[in-house]
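Right, I'll just put the structure down here and ask away after.
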Amino acid sequence: MLYRENGQFKSSYRSDQQIFPILQDRIAMVALLVLAVVIVPLIASPYLLTAIFIPFLILALAALGLNILVGYCGQISLGTGAFMAVGAYAAYNVQTRIDGMPLIASLLFGGLASTVLGVLFGVPSLRIKGLYLAVATLAAQFFVDWACLRLGWVTNGSSSGSVSVAGLNVLGLPIESPVQKYLFALVFLAVFALLAKNLVRGAIGREWMAIRDMDVAAAVIGIRPVYAKLTAFAVSSFIVGVAGGLWGFIHLGSWEPAAFNIDRSFQLLFMVIIGGLGSIMGSFFGAAFIVVLPIILDGLPYWFGIPIDTATASHLTFMIFGALIVFFLIVEPHGIARLWSTAKEKLRLWPFPH
Amino acid sequence: MTTTTFPRLLLSHAAERPAAAALREKEFGIWQTLSWSALATLVRELAGGLAQAGLQRGQHLVVVGENRPRLYAAMLAAQSLGAIPVPLYQDAAAAEFVFPLVNAEVAFAIVEDQEQVDKLIEVRAQCPALARIWFDDPRGLRHYAEPGLAPLDTLIDEGRAFDAQHPTRFDEAVAQTQPADVAAMFFTSGTTGYPKGVVHTHASLIDRAQAGASFDKLTNAEEVLAYLPPAWVGQNIFSYAQWLACGYVVNCPESASTVSIDLNEIGPTYYFAPPRIFEGLLTTVMIRMEDAGRIKKWLFQHYMALARRIGPPLMDGKPVSFVDRLRYALGTVLIYGPLRNTLGFSRVRVAYTAGEAIGPDLFSFYRSIGINLKQLYGSTETAVFVCLQPDHEARADTVGVPIEGVEIKLSDTGEVLVKSTGLLREYYKNPAATREVLTADGWYHTGDAGFLDAGGHLKIIDRAKDVGRLMGGAFDQAMFAPKYVENKLKFFAFIKEAVAFGDQREKVCTFINIDMEAVGNWAEKRNLPYAGYTDLAQKPEVYALIRDCVEKVNADLAADAMLAGSQISRFLILHKELDADDGELTRTRKVRRGFIAERYQVLVDALYGGKTSQYIETQVKFEDGRSGMVSAELKIEDAKTFAAVGRAA
Amino acid sequence: MRKIGEVILDVHNISLAFGGVKALTDISFDVREHEIRAIIGPNGAGKSSMLNCINGVYQPQQGTIALRGKTFKHMNSRQVAEMGVARTFQNLALFKGMSVLDNIMTGRNLKMKSNLFMQALRVGPAQREEAEQRLFVERIIDFLEIQPYRKTPVGRMPYGLQKRVDLGRALAMEPQVLLLDEPMAGMNVEEKQDMSRFILDVNDEFGTTIVLIEHDMGVVMDISDRVVVLDYGKKIGDGTPDEVRRNADVISAYLGTSH
Amino acid sequence: MGFFLETLFGGLMVGMLYSLIALGFVLIYKASGVFNFAQGAMVLFAAMAMARFYEWIPKWFGFDNKILANVLAFAAAVLVMIAVAWVIERLVLRHLVNQEHITLLMATLGITYFLEGFGQTLFGSGIYKIDVGMPKDPVLVLEGLFAGGVLINKEDLYAAVIAAVLVALLALFFQKTATGRALRAVADDHQAAQSIGIPLGRIWIIVWSVAGVVALVAGVIWGSKLGVQFSLSLVALKALPVVILGGLTSVPGAIIGGLIIGVGEKLSEIYIGPMFGGGIEIWFAYVLALVFLLVRPQGLFGEKIIDRV
């Protein structure tokens, strides 16, 4: 309905292949950015920022990373939490051991560390198919959980593996107030989202999807499964690692291994499923959905004046998540993102149904 | 009177706006753009090649193909050398090429692709003069050993070399070509007999083009989509003459199957199409809306009703209440805007239809959703622009006012005569025919019967020669305008073609072609099974449906004293669709009434003989050139007629 | 007209078995440059397995395959692809989640050189490369006359057109040898005509050597230069269509049966 | 020596429990190609049901007889597990027929969450005990062999016996009964099975029920050792490497794998653990399995994977 595409013809491949080929979408995108960069910091309360926006941004980033592996390359991972942990602790180590280490550098280093582990545990996936990989990644999960608890040097000697960071700053600008943290996370998300989008719409992205959709055919046209899968693992765990660093540094400030346990892994997987496998946009939807839903679920009873104890509430949350996962897998395997794109299609064709 | 020629126009654009886009063609997924300077270079090289190949001033160059930039350039190249491009219909059968090629002693042809090459080779024996054939698209042609056959690229390369050796030739040739020289020749697929070559000068074409342009204040910012046969003067004027006159951008679709997509992408600002195109669009709109959800349907119907009420007055600049304007504005957001967008008409500033009468509903549909659709009157012989409808004065039943440079008068027989700066010079090698239409004092006989209404708008009833008289019967000596009747029938979505008989007879009878898409849908909704056209056409339900239309027309005709006699008493639905390939329609889909009357003599006799059914067997040509037989037992039905309202005694 | 050249692909004593099941026993035949070579035989005769051996999906237990005189026994699909062998699949093996354009683009993948980082940043070279390959792919789309579907997800296309995309993806590799596994399976007459035309055009325009598995004898006899006949994993006939038609074993084993 | 043997036996006991859970995985994977991540949740769910019914039933019917209570509670729990199986087939499996393994796996993740939430809402989230009256007193064996002998928990012995019996029963069920054979057919090829008129739906319900019962038994044994609580569902995660090791489709594989992992875990904890600051149990099994995968992707007893084109 809102689309007016007449006259938006493309006279170069570059313009035809841009991320948002339709003018109206570009406008919407700019509007969204303005909203995120200007409006939100102005109006959102510190609570909203710390309880919803910052977690959303960081988890969206993690989900984005996971989506590249699961959604685009079709390789399942149940150990995302572990890779976040590696990112966080590696970043922590360089940050604390090397003084004057710039924040961004240590976060990226965290990403690299996580990449190494990702590739390491990805190697089995080259010989084995989907299910086994799930186990391999679980192995990573448990191993890392253990390492963070038991290996002193990982946590810089702190018992129980709990660590904390302070006095974060980028080039002297402090990253302490919720707004600063929010913007910091936002920038990371925006940049990585762009890079990821470029990858998935480029040659390597097509390789990933080819492997996902029909690996034999992919091999026959000269795609090396090994290379495709490993790059997916590397890119994925890098992004996840960085997200882990942000989660620790920006969101938590001080954390212990439990922050990245297997439940985190599942949570991220659910984000990707509900948000939309194989869609950058979907990672955002999923993160938003799963960050907000529990808050609503906790809130609802009180708003309706039927208070239920937190235990029951959390059980309900479990059940609802479980049900939703199954629901989406059956009804809309491509998640909210697909719903979104269908809606968009309808808008473009309006008033026609198809 | 104009003082320029097409090549000179090209060069001036190239000089003034070298980088500006002249032509675009969607190829390989994007709109490949040719700037004016690039085009000029291309034309220069082509001209060089043609000159070297021996194309002489005054000689003819045949051009056959879809709208392709390089074919346009070829026409310009020919004109630069003072030679005469002759565009032929790319969908014509090979045999139809023979006459033009022989008649114009064509030695050189530039064609689009294998299909056209094959056709030319097929008729080459009959056209000994044809020496050289160049093709634009080499696909499938690499192994052809035909003498004189070469790809267009080699012609261009040769031309480049030639131009290097004779750097001044081109400009000299262009300078030498005068406005009064012949610019192009269009073969009118005459409704009877051989086609006639209509000869136009640079002056006549350019003058009309400019007149039309100034009438609608066209600028060089217009976007035009060229998707109709370039051999048709209509397309040629809009995407060639006016293109060069105004210097706007002409866009060529990617392929026949993508026209609607391409139309949507380009979103032309200046659009021209015969009524059948608009009709097709409307039908698809309606059919697509059928599947819409209840809310959408309701919205659509509600706002279309509103549009029918408020749209036309808004378009005609009549006063409309503020509230209505608001409601219409809302409608624009919800329905009209999106609709225009999906149709590809969001940016249309001026749209014209011509060549056939257009149904009032059809016409007002487009105007009511805010598309400035207008009618014009003209023909190949008049370089199209004779009468145009000014904005705010568009009617379905008139064709507008005479524009600058045009005089109109009616002969005593009621035939429309035109004097204009855009008249043809002659019919090529056919003085007799020329004399028939062009009087010594410069009046052109349009062959149309019509009159100017109070507002000075021209109103066309029919071809003058077709306007006949009934003999005997209730309406003895009453005037009979077959086309008028046929059109009234064709305004119903269910009826695709109609052929009316009645001249020198006591009553009017008609053949009818149902519209396969519309009636097919109608049948499916009543889950009425059918096997193909012939079967569907003979269903009693369909006959009932059509009779209903016929009787509506009768009621309508009865209301007009002059035409009450043309009411239809009997009709039948033909067993096959009338088809240009079978010679029943012209390439512009006008019915050849005479030919049809002969071909289906038995049916005509059956109609007047009062039979209730008649067996018929007919040979048909298929797309792939094979032919087969279609036969059926055709029902013949009577239709109710009405007493003429207030008929003078 | 095109002229048949030297032997380009030489299959020598190939035997393949899955566990105990023998799929191919001691198969030998050669394919000459520019020719259209058909492999026919009843269902389960081992035709597809033969192709899978040629392009390295299966590793035959015995025998060798020589491409342009280069012999190889254990070679993976990648290497075979690099040597210019492309292939289409019997039951569509398109990438369901991707558009027609992207499906065919994957075929250009061997030609794309820019590394991960360039792609991520989409800087100059990567961007240019993407555009260049796009142009190549568009030529194929043009060649196969599927312009209207360019951006539609392959899943939503009619079956006949999906087969074209499959062919397009193979063509994108600029193959010297093109293996077609029942390119006309499940098509109506019209679609078969189109497909035959495309196959002939490919062979004609690009001089591509074609190895073709097809059930429709009419088509095979029309377009192929030489035919190999397999039955239960054994070669029972080899020669021009006419020779094969006259071959007694073939008649009994194949043409006799209702196909 | 004695100490080593004790550790060994301890490992075997734990391993046997792993085997039970792994068995559940294998059954379901064989019959429906589903890698049932929810097995652990099912163990928890079953155990809770058992534990709670054991408390409730006497209250409801007002009697006080441990054995009867246990029997009834067990029966009730079995019914519950069958119901669960039925619901899962109805609401999930039949809608995901012929879907990718990964999709199915993720679906079972969903089921896991649902069951855990549902279970705790139904049966509460406290710690409950199961007492099927297994003697807890230790016994000394092999005293003859060397001084001190080896100290073993009687309970473990009973458990071992129960497990053994269960496995035997399953084996019989698979080999002898018609349903068993149908199951094997389904496992080999869904379409084929369907075409010869084996009702997939019913088969799946049966398999999941059986898996449910297995889970119940495992839950009971484990629960009576350590009490029933949420952490029980994590035990299942331990069973994953077992399946990998033994081979996804092999019953004996599950058993052997379980024992190997159980033993390996314990021994490694004692003898290698200290070098790494202990607690390596959590991941040792996995790493073992992974290393093994690299050598033999199909596991100990799994069939070789050939992907046809």
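In order of appearance the chains are A, B, C and D, and numbering begins at 1 in each one.
The rule is short, and it goes like this: contacts are C-beta pairs under 8 Å (C-beta built on N, C-alpha and C of every residue); 3 or more make two chains touch, one makes a residue touch a chain.
What you see is a predicted model; the values in this text were computed from it and never measured.
The fewest steps needed to get from subunit B to subunit D, moving only between touching chains, is 2.
Each chain's centre was taken as the mean of its CA atoms, and the one lying most distant from subunit D is B. The chain occupying the central position, as judged from C-alpha centroids, is C.
Here A-D and A-B were compared by C-beta pairs in contact; the pair with more is A-D.
A straight line joining the Cα centres of subunit A and subunit D is 33 Å long.
Centre-to-centre separation of subunit A and subunit B, using mean CA positions: 58 Å. Spacing of subunit C relative to subunit D, judged by their CA centroids, is 48 angstrom.
Centre-to-centre spacing of subunit A and subunit C amounts to 40 Å, using the average Cα coordinate of each chain.
The residues of subunit C that reach two or more other chains are 57, 89, 93, 134-135, listed in rising order. Shared interface positions of subunit D, i.e. residues touching 2 or more other chains, are given as 309.
Residue numbers of subunit A whose C-beta contacts span two or more other chains: 12-13, 216. The part of subunit A that touches subunit C in the complex is made up of residues 12-14, 17, 195-196, 198-199, 202-204, 206-207, 209-210, 212-214, 216-224, 231, 235, 278.
Against subunit A, the residues of subunit D that register as touching in their complex are 35, 37, 91-92, 95-96, 99-103, 105-107, 109-118, 120-121, 125, 237, 240-241, 244, 248, 276-280, 282-283, 286-287, 289-290, 293-294, 297, 305, 307, 309.
Contact residues on subunit C toward subunit B in their complex (touch as defined above): 1-2, 101, 134-135, 138-139, 141-143, 145, 147-148, 150, 201, 204-205. Those residues of subunit B that touch subunit A in the shared complex are 24, 26, 29-33, 223, 264-267, 285, 288-289, 291-293, 296, 299-300, 333-335, 337-342, 344-347.
Residues of subunit A touching subunit D in their complex: 70, 74, 76, 123-124, 127-132, 134-136, 138-139, 142-143, 145-146, 149-152, 216, 262, 266, 269-270, 273, 311-312, 315-326, 329-330, 333.
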